[in-house]
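Naming follows writing order (A, B, C, D and E), and every chain is counted from residue 1.
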Amino acid sequence: MLRVEHLSLAFRGVQALRDVTFEVAAGGVTALIGPNGAGKTTMFNCISRILTPDSGTLSLDGIDLIGVRASRLPELGVARTFQHAALFPSLDVRGNVRIGADVARHASRPALSVDETLDLLQLSADASRNTEGLPLGTKKRVELARALASGPHLLLLDEPAGGLTHEEVGEMRDTLLSVKERLGLTILLVEHHVQMVMSMSSHVVVMSSGEVIADGAPSDVQSDPRVISAYLGS
Amino acid sequence: MLALQLLVDGVGKGAIYAALALAIVVAHRSTGLVNFAQGEFATLSAMLTVALTGLGLDVWLALAVAAAASFAGGALIQVVIVRPTMRRDLVPVVIMIGLYVCANAIGQLTFGQNPRPLEGLFPAGGLMLGGIRIQWSLIGVILLQAVVITALTLFFVRTKIGLGFRAVATAPEASRVAGIPVERMHMIGWGIAAALGAVAGVSLTNLGVYVEPHMMTTVLVYSLAAVTIGGFDSALGAIVGGTIMGIVESLVTGLVPGVSGDAGILVSLAIITLILLSRPQGLFGRERVTRV
Amino acid sequence: MSESRSVRAAQAGNAALVLALVLVPLFFEPFRVTQFTQILVVAIAVAGLNLLTGFTGQVSVGHSAFFGIGAYVTGVLIVHAAVPMTAAIIAGTLSGGIAGALFGVPSLRIKGTHLAIVTLVLAASLPAVLSTFSEITGGTEGLRVPRITPPRGSFLAADQTRYYVVLGVLLLIVLGVFMLDRSRTGRALRALGDNEIAAVTYGVRPMRLRIGVFAASSTITALAGALFAVTSGFISSTTSYMTIVGSIVFLTALVIGGRALLAGPLAGAAIAELLPAQISRQSPEWANFAYGAILIALLLLAPEGISSLRPRRWLSRTAPDVLPTPLQQEEAPHDTDNTHDQATSTTHIG
Amino acid sequence: TARVGDGGDPAASTDGSLNLTADCLHYDPTAGVTASAIKLGTSLPLTGPLAIPGTFHFGLEAHLAKINAEGGIDGRKIELTVLDDGYDPAKTATNVNELVNRDKVFGIVGILGTATALAVQQDLQDSCVPNLFIQTGAPVVADPAQTWSQIQFPTYTLEAQALAQRAINAGVKSVSIISQNDAFGKAYVDALVGPLQDAGVKVGTRATYDPGAPSVETQITQLAADGADAVFIAALGTKCPQILNGIKSSRWNPLLLSVNFCTSRGLLGLLENGAGDDMIGTTWYKSPTDPQFADDAALAAYREALAKYAPTADPDEDFVLDGWLVGQLLIKVLKSAETLDRASVMRAAHDANLHVDTMLDGVQFAAAGTTEPIGQVQLRRYDSASKTFLFIDPKSGDDLPAGKTRLIIRRTNLPPSADVRETTAAPSEGKP
Amino acid sequence: MSDPLVPLLDVDNLYARYGQARVLHGVSLTVLPGEVVVLLGANGAGKTTLLRAITGHVERTGSIKFVGTDITRASPATIVSLGLVQVPEGRGTFADLTVQENLRLGAYTRRVTAAALALEISEIVERYPILGERAGQRAGLLSGGEQQMLAIARALLARPRLLVLDEPSLGLAPAMTRAVFDTLRELHDEQGLSLLIVEQNADLSLGIADRAYVLEAGEIQVAGPAAAIRDDAGLRRAYLGY
């Protein structure tokens, strides 16, 4: 579905992506993991067209994404969350989710209604709250709700489990998997919660220092010595 | 020849704009606010200086006393008026408008309407350089400003307190976490800016401006434009921005036929828009960090 | 108070306010009606500014220029080209909108305080432009513009006619802003003001919206200017609404008024218009000082504006929650990479 | 002499040409007049950059207070309401609206400024409210169609032409101009250029400055580069000393010609040593700082009343004296009105032919048949060494003996008076 | 070192609120000198609020004593200078300042010579080399995890007696999380640093903790030795996942 080929990007002095190539299969959960500063968020920023790579190609269902403006991506069915929740403080929780739904109105994809989404992520009680005072875990859920409400094909999640207890991580995983089935989603997941990654992904790509160092099934990757030394630690 | 003289005139104009611009930069660098009332504070400081010289004080001494008093005044205003409203969006802007109006009124009430000159800080007259006339006072003011920028730059970049000022201006909450006394820093920042306002006001009187309640009205607009061109965080930028505006304005109105004195502000509008379109943070400003 | 009850209370409050506004000219002397008309004109200008500042958090100190463009295009067309008044008002309004759209272009790149200062310089430039073209604008000597007159056979006096025309426009605009507030575009605007990158990720098109909102905002303020020309009958390049002072009046009224859509601009405009004159009558020497001090005191007591003071709910549904502290660089541009903990700042005015 | 009119038929004028009330909306002849008072109002800048001209009101108030203390006009005290407009025409309009409709004043006196006056002139005309002694000399305000208003200053045209005449007489070959970039400056420039060119004098560089600009060095450099024989200065406030100081330090040494507003002592006190020497200016009243009037009885009375009734005012300020002078004229006009109704008073103003003791000898407020009542000015020279003014002969430029005047007069049907000299200055037409 | 039985931090009956919203309802908690205390709780329980209340960042009533000094009304700056230092939740860095400047600001409340500070900074950088590599880069441009490291490093430079950490592992890769906890343990063991940690990675945090508290809806529900948490089936499922 999403194909990343030979992508490179440097910031002044920092080579954040080096010739990155991987593929995200439709309908699955692909995890993108790697140590801090590996380039995962940068990769997301390239896919969501906030950044333009120096070289390489990006294609979604055969459409060349490099030529697409960031604001058109939701129409193509791409939604994302941000590592540091990027909510709109002048809108309440429901308003934030409605921003997502505003996109979906124009798409022919199946989508959850705003109320369904709020319900699903247990946000109904907080619907009219200001987003600024929300606890971290709740912010993460609002982000996810906003993304889901846009009725995406491809969902990019940047550390959705940050700040959640084990129990809450489990709930989030179950929710994600069930929505994925319902809407026929494809998920690209960046997450440091190894247990969550391993238990829900069908395919894992590991990056380090801007490079892909491993790419395969979760169990294979988990035992890859390079991954252990660079990421998991002994 | 004419062009050269106009250039010198432009530098003089620029020095006027730069004087107040420096105070604006300091306030911004240490509190993150653009103080619209800065010009009026400077006017009050200049009036105080006039009053002190009237008591027989030497003008430099009067300036020092006025700067010290201004420091206290600025700090006091920060504590009593600005601090309680700091964190509420547009409110500080209107607070500063209120301060502007009050300061202006105080000037009229205490000093009266009549313009008064202030004894020069520098020798009168000037030198002729191949037919170009340069006043000693202009040279003096420029030197004074050079000293101020150097001191400010060293202060903000080299010293621990200077670093603290930059921290509280850009990230007050993180500063609190790091144990920096944000409120006190803001107070001192306003004080320093007000003291520099005194220097600005007195500099102006050395560049042909008289002390009167409205001496800063237009200067403020140009100085704000200068700061914007130079970048809100750069003392050097304030000087460069002011000088660019002064020179371009002087050359355009002096050399282009049919362009009248009023065009100055239009020229400034053009310069500021063009420069900011290519460098939105100003020539010497640093772009704010944005990434996700 | 439950959500629906507070909404109903707000509606009732607004209805009462509208009724009062409609009745004003029937109970006041003509000179008061004329004075109120001017307040309504300023309220329209403030509503225009609120569209920009309230929704996107951008601060314009240049709206006096749009006001002036609206007033002058209207006045010049009527006086020099004998264009019918309505057509001239429309032309003046659109001209202000076009100028605003042009200013929307730099606003794509120039943000926050920088934009505010650029607009400030714009405001300072209008009088210079007017005096450059003094042959047609009259410069400081100004232009005498024919005023709105009652339609033939109308039972309304001239002052009442003018009042109702302006009131009608104000109510329409407030209704428009109210609808925008609940619309998809309104949400998109606020999202854009909060966090451009995240907004774009959700399909918000910054160029279109930024230019659009600048244009819409300046159109409304230009309409206020056009109405000023045909209700006051005289415009000059020294008329304060067309100088920086005008921008400051609008900004002050916006903040002092608070974020209620109708009550906010009205209360703000009334204070900005009436207060200085009233104090000045008592003591001209102290008037300015007192005015400045009252402004400060009001904000210390009611930082969210008069319309947010109790009884709070019934005054109105509140408008856009603003804004990323545009003149306080601490939070602008509002980036996702915001290190500052904003937990303590939850209230916004518009 | 005056009694409250019953309204009668105000249109029945002794002067058939003046039908004052023909188009009045709700003409209220005696508004503001009661058995014990006559209410008047004014709007002028008490604050802002033009607050100094605004000090005019002190002189006016002092004079009215003095008259009131002496019993008023037939027992009626004059109550003057002074409102601040900060030189904002929109405010002037609001103020006048309040004065007329809320305070119900009888008339408006001494609106200050051109734009401000224009903002309210038509409204006052439409409602037939006297709009007396407008503080401007702009010909555009002296519009014959505006029968309910009257300016007080000699026109800027007359002033400019008088100075032009002096330049021509002095034999200069070229004149540069520096003027404020607004209607005020333009009125002078417009009036100046024609006569100079007609006389074969070259009009060189014309520089303008923005009233708010902090300095005028660029303009001085431009003018100095041109190096004309004379320079005409149409400026206000601190721009005057800035210009004169600038000229001085540029080492250009032209004949200096300046409008009346530049020649107040307060401003000249800001001059650097030697600057402004021999500058020619105009006047029509007894400047309070002019040493030749140090012992003048009229000024002594003025100072005494001011100290009593307006102690905060600066008696040396020309604008304050002008306010006093207007007060004197006002009382005479009110007293000379046949009845105390608006039309009669307005008619009295139009018929006025008055001299008051604070005016220079020979100067007359003579309104009959003209919209520009004061038609004479005296030239004077500034002596920088003694910091004083000396009246000069317009033709030769020689100093006149103390106490003597030689006026330049606009050619009209004025009654001849003692030491008055006619010159060639042409009457200006009130432009619409 | 102070008396091991007198609490370093003694929070008693603490209430805190944001405007009208009451969040903490009479929380009492202690940290003894040299102790590591973990605070657990569900999303929204009030953990962050509790830490912010202790360090002076939210409106609070009740009593907070630190080394015997009442700091209930003290300003954040005073609290930091007493040695009670916080690593806030999420990014607590100065985005617009460089990494180097961020580190220097860590020692703001201390009297230390420039040379001594440089030495301390170079020691920290040895632990987290990326901070050295990016010394001149502005902090806001770092990756999420890199910023978290910076925030922790900066707090350490304040030389705290009690370090309060709000989700220190947030955004850190597993290996890095372990490295951070190693550092903390080391500082605890070698320098007697006391710790109060809010951490969802309970495996790790309980691993170094002496005692634990569980906060629910603004009230302390469970308090006891760290090991006891592992013995409670419900808590184990919620916080440890097995």
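In this section, a contact is a pair of C-beta atoms (placed from the backbone, for glycine too) under 8 Å apart; a residue touches a chain by one contact, two chains touch by 3 or more.
Heads up on the chains, UniProt names are A, E = ABC transporter ATP-binding protein; B, C = Branched-chain amino acid ABC transporter permease.
Everything quoted here is computed from the prediction, not taken from an experiment.
Minimum number of contact steps separating chain A from chain D: 2. Common neighbours of chain C and chain D under the contact definition above: B.
When each chain is reduced to the average of its Cα atoms, E sits farthest from chain C.
The count of contacting C-beta pairs peaks for the chain pair B-C. Set against the Cα centre of chain A, the chain with the most distant centre is D.
One inter-chain figure worth recording: chain B and chain C are separated by 30 Å, centre to centre, where each centre is the mean of the chain's CA atoms.
Centroid to centroid, with C-alpha atoms defining each point, chain B and chain E lie 43 Å apart. The mean-CA centres of chain D and chain E are about 76 angstrom from one another, to the nearest whole unit. Residues of chain D in contact with two or more other chains: 47, 181, 210.
Multi-chain contact residues of chain E (touching two or more other chains) are listed as 18, 57, 88, 90-95, 139-141. In chain A, 41, 50, 82-84, 86, 133 are the positions where the chain touches two or more neighbouring chains simultaneously. For chain A in complex with chain C, the touching residues are 48, 50, 70-75, 79-80, 82, 84, 86-91, 95, 98-100, 102-103, 105, 128, 130, 132-133, 146, 150. Listed in rising order, the residues of chain B touching chain D in the complex are 1-2, 5-6, 9-10, 12-13, 16, 105, 108, 112-117, 124-126, 133, 135, 204, 207-210, 212-215, 217-219, 222, 249-250, 253-254, 260-262, 264-265.
Interface of chain B with chain E (complex): residues 160, 163-164, 166-167, 170-171, 173-184, 286, 288-291.
Contacts from chain A toward chain E in the complex involve residues 11, 13-14, 33-38, 41-42, 83-84, 133, 135-138, 159, 162-170, 192, 194-195, 230-233.
Every residue of chain C that touches chain A in the complex is listed here, in rising order: 3, 57, 184, 187-188, 190-191, 193-195, 197-206, 320-323, 336-338, 342-343, 345-346, 348.
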